[in-house]
């Protein structure tokens, strides 16, 4: 059931998306929190029209959002966020003169109303 | 006020988007939870760069997120998620050899800080 | 750390994105809630396949989502939402014969599991 969405500002292109998808899915599905590897649905999106703060300086961001059914412990969430962060830390481009901000967010999805099935 | 975002992996193209928008908006606005039909804002987005799990097998997903002002009962949320699920179950393509995962998520939006108006 | 995502239906094109980004970032970073201007990451996205309600009448929407680390007071959230709303109210196009709905949503991000760093 986990959904992972990784977004980056397009001044980080070329971004090694395929490598990141492989690495992050391997790392997350190795966690005991994710019972079936096929449950993890990861994707990329790119921000093409953005502004970071109010200064014209070179700035970029990569932000990942991992959505999980509610009920995980705080420790489990921290571990999962750390796994995503580690992969992004390793693979995110760092263009010269550009400040790159990395963030990872864990989101609880309401378990009681969640619909899930295989078609 | 409800916002519905339906996302699917692009190996489900062609996806009958117009049909789904018509059917899902009809079903949701028929619920007593949605007071004015014009409040429901539904849209599609497509995931073009994605990975599901760690196996190369053919896999696809469709995921819907319905964002509502907080305060609905659990039963109301389940009913609304079920309406979205039913439409997607009927219309989502099922390519041969592809495992398709369907999910629907209800999100509470903070009512106290929500801004809403007609321009 | 704040993330701002502004989405609009594409029947509002041309949308003055650059002006809005400049104005909204100036307004939000002037709030005491946002400690460093460079923390604010704002971007646009456009809905190209959408339906609002069930009538064919001309309708459009602009919706902003501001994601903040949890812990703000309700008053602070209302103020921040109001800042975004004011900028959008001023700059959103109002095509003749089109009903335009404006909304702003504040989202709490789980502070305990949030990962944030500069690369």
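Each chain carries a letter (A, B and C) given by its place in the written order, and its residues are counted from 1.
Convention: a residue touches a chain if its C-beta (ideal position, glycine included) is under 8 Å from a C-beta of that chain, and two chains touch if they have at least 3 such contacts.
The shown structure was predicted, so the numbers you read here are calculated from the model rather than taken from an experiment.
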- prompt: Same or different: do the copies chain B and chain C touch each other through matching residue numbers, with over half of them shared?
  reply: different
Message: Quick check: superposing chain A onto chain C on C-alpha atoms, how many degrees is the rotation, to the nearest 5?
response: 120
Message: Based only on mean CA positions, could you tell me how far chain B sits from chain C in angstrom?
response: 21
- line: So chain A residues touching two or more other chains come to none
Query: What residues on chain B touch chain C, complex-wise?
result: 1, 3, 17, 21-22, 25-26, 29, 36-45, 67, 109-110, 112-119
Residues on chain C engaged by chain B in the complex (per definition of touch): 9, 47, 49-55, 59, 61, 63, 74, 77-78, 80-82, 84-85, 89, 92, 94, 99-108
